[in-house]
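In what follows, subunit A forms one complex with subunit B and a second complex with subunit C.
Here is the complex of A and B:
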């Protein structure tokens, strides 16, 4: 994976930790494969808050909710942190 | 006298409200029948009840499995592995039952889709009964579209094209919700339907359960901790976290509805019981820690008790959010919460007067709701307004 992706993955993980803001998540190992539903017990309302925090960081050119609406229920259940990072990596320009 | 046919899935939480409504109707002399899975719940029906069995007797009737799943996955499994196959399998015996009994109206649980389709096909007036305040809300565009697609495929196999609708589980006549309107609130869009909120009904058939009342101390703040019957034996981590949290709080006593094997490691101020007389116990405690199951939430709120909610599956995350938004609950993450965070949550639960104030406000509303007799009146009005339009071949 590129440095672009790695930087974004770190940012996404940071936003997950700061948005959830509970003691366990500060030490919980979050990787690309970590899934929102099963591994983090994150519900859709919380996911939207995380998406908003990421959106606020990049400005308004991201449409995370729109991206999600194209997914099947099976894909939503298995959605991983890395998939979200990949979407963002494709949507925001690499910083030179 | 009216002829009313009830149909519910073989699940206690859906049967109990129907039993309470049926009781109100039969006291007035109306003639009732049940189209249910007799092998699973026949023994819970009133003595002498007229029963049309929906069982196939081949051991393949769908059951609720996979107790370990949580969140969205439990919702998908519920539809794919339970509600939809169940509907498909009951259509033929259900239609035969309705033709035989010729009801003036049907009471169809909204998860007993087969009953809804038969009522629609045969033109019988019917009400939906909805057992939680979560099921009337739209979910998300993806989920709602997925559910509609599942329903569409089922309807196409059974109904003529002009009778197909987007949400066949909701009656166009009346949808009776066993909750109060304040819980769903107006923050989220609802499925468009003619709702009547009648409040919770007290379930019937509660066994006498012994409890060591002398263990409870006047000079302690007391908690009831329950994850409900489905998740009680899921894993012991959550209960262990509660025990560790409470062990450092000598001013608190907690009763855990949990596997009794945990009793050996329980601190002095924790009592572990496999079963408790919940309704009565709630009158003796100051707060509740629960999974946000609709029944437990309504029982606790009816007693004016604030709660900590740790939702796991099905509609629990939505109900948890509703009680939090109503100001009567705090959230903890069921599979992740630490003892330190649980201790903070318990201290906040017992030390925040506004939580108890909100719970008491909701309790007034819950106790004032018309309940099962109110539901019975709605059903009778429908049966009387629309004389049987059955054209039985």
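Here is the complex of A and C:
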């Protein structure tokens, strides 16, 4: 995986930890393969907050709302952290 | 994500498609509902053409769990505060509500018709004291709540189940929610008959609340009823069909209904 992807994966993991903001998530080992549903057991509202925090970070560089649009919340919760990071890596230009 | 201070509570809210013209505020249902109920399946698609405001009603999602204020007048006042917070007080907005959120939207519409353009009521369980209260009435003790969680939240496991259990415990034993729902009667026919705004009623064919939709169709002067092949949880069971109906109804061209009002 590229540095671009790794940087974005780190950012996504940071947003997950700050949004959930409970003791256990700070120590939980989160990787690309970690799934929001089965591994993290996050609530749908928490996924929405994570997506919103990522959107706020990238601003107009990223259209996360457009990407999520029309998917069911269960489909989104079923994603892995790496799948979300891959979408962002493909949408956001690499920093020079 | 923004926090809005209202009477006795902090409400979590978000705004999609901010630069678009007309605005719609979407309200979720009781207990298991929150902004995520509408978010990806309906709200984000609608936000391609219009501004969409979502919020967690008091006691739900990221909002605080206050001890009171679950009656429809208080929740309609919350909605008014949300509308004001987003700078929409000066223009008629569209309201879309599911279940308890539909009852809040309807109460708001009856109290503030000039603030309303179009109204969508999805499986509104009116009166809630008949349709909603019975499922809650047996939950009178922590043991009964444990049974309720066991029987009604079948799909939820682990952390999510535990968190909803804690929320229900706070709502049922630490707030007036139950009492407030038990006091929710039907809106008076005369007030419904005076609501001169287009209303779309969407009900599930298999919903236990269907008779409420038929009553609203007979009583509201400008209502239309659409039935979808599902039960009460229309957003989860028929998202694509619901999205298409709401989009079409809100996209109807023409001036906001404000000028038509007496």
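The rule we apply is simple: the second predicted complex is superposed on the first by the 85 of 96 C-alpha atoms of A that agree within 3 Å, B and C clash if a C-alpha of one lies under 4 Å from a C-alpha of the other, contacts with A are read in each partner's own complex, and residues count from 1 in each chain.
The rule we apply is simple: a residue touches a chain if its C-beta (ideal position, glycine included) is under 8 Å from a C-beta of that chain, and two chains touch if they have at least 3 such contacts.
Quick caveat: nothing in here was measured; it's all calculated off a predicted structure.
Of the two partner chains placed around the shared chain by superposition, neither subunit B nor subunit C is touched by A:10.
Once the two complexes are laid over each other on the shared chain, residue contacts for A:76 go to subunit B and to subunit C alike. In the overlay built on the shared chain, the residue A:25 is in contact with subunit B alone; subunit C does not reach it. Using the contact criterion defined above for the overlaid structures, shared-chain residue A:45 touches subunit B and also reaches subunit C.
Counting contacts as defined above, subunit A residues 41, 43-45, 68-69, 71-73, 76 meet subunit B in one complex and subunit C in the other.
Taken in their complex, subunit A has these residues touching subunit C: 41-45, 47-49, 52-53, 56, 65-66, 68-73, 75-76. Subunit B makes touch with subunit A in their complex at residues 70-73, 76, 140-143, 146, 317, 321, 333-338, 340-341. Touching subunit A in their complex are the following residues of subunit C: 1, 14, 16, 34-37, 39-41, 44-45, 47-48, 56, 61-62, 157-160, 163, 236, 239, 243. Considering their complex, residues 22-25, 28, 37-38, 41, 43-45, 68-69, 71-74, 76-77 of subunit A touch subunit B.
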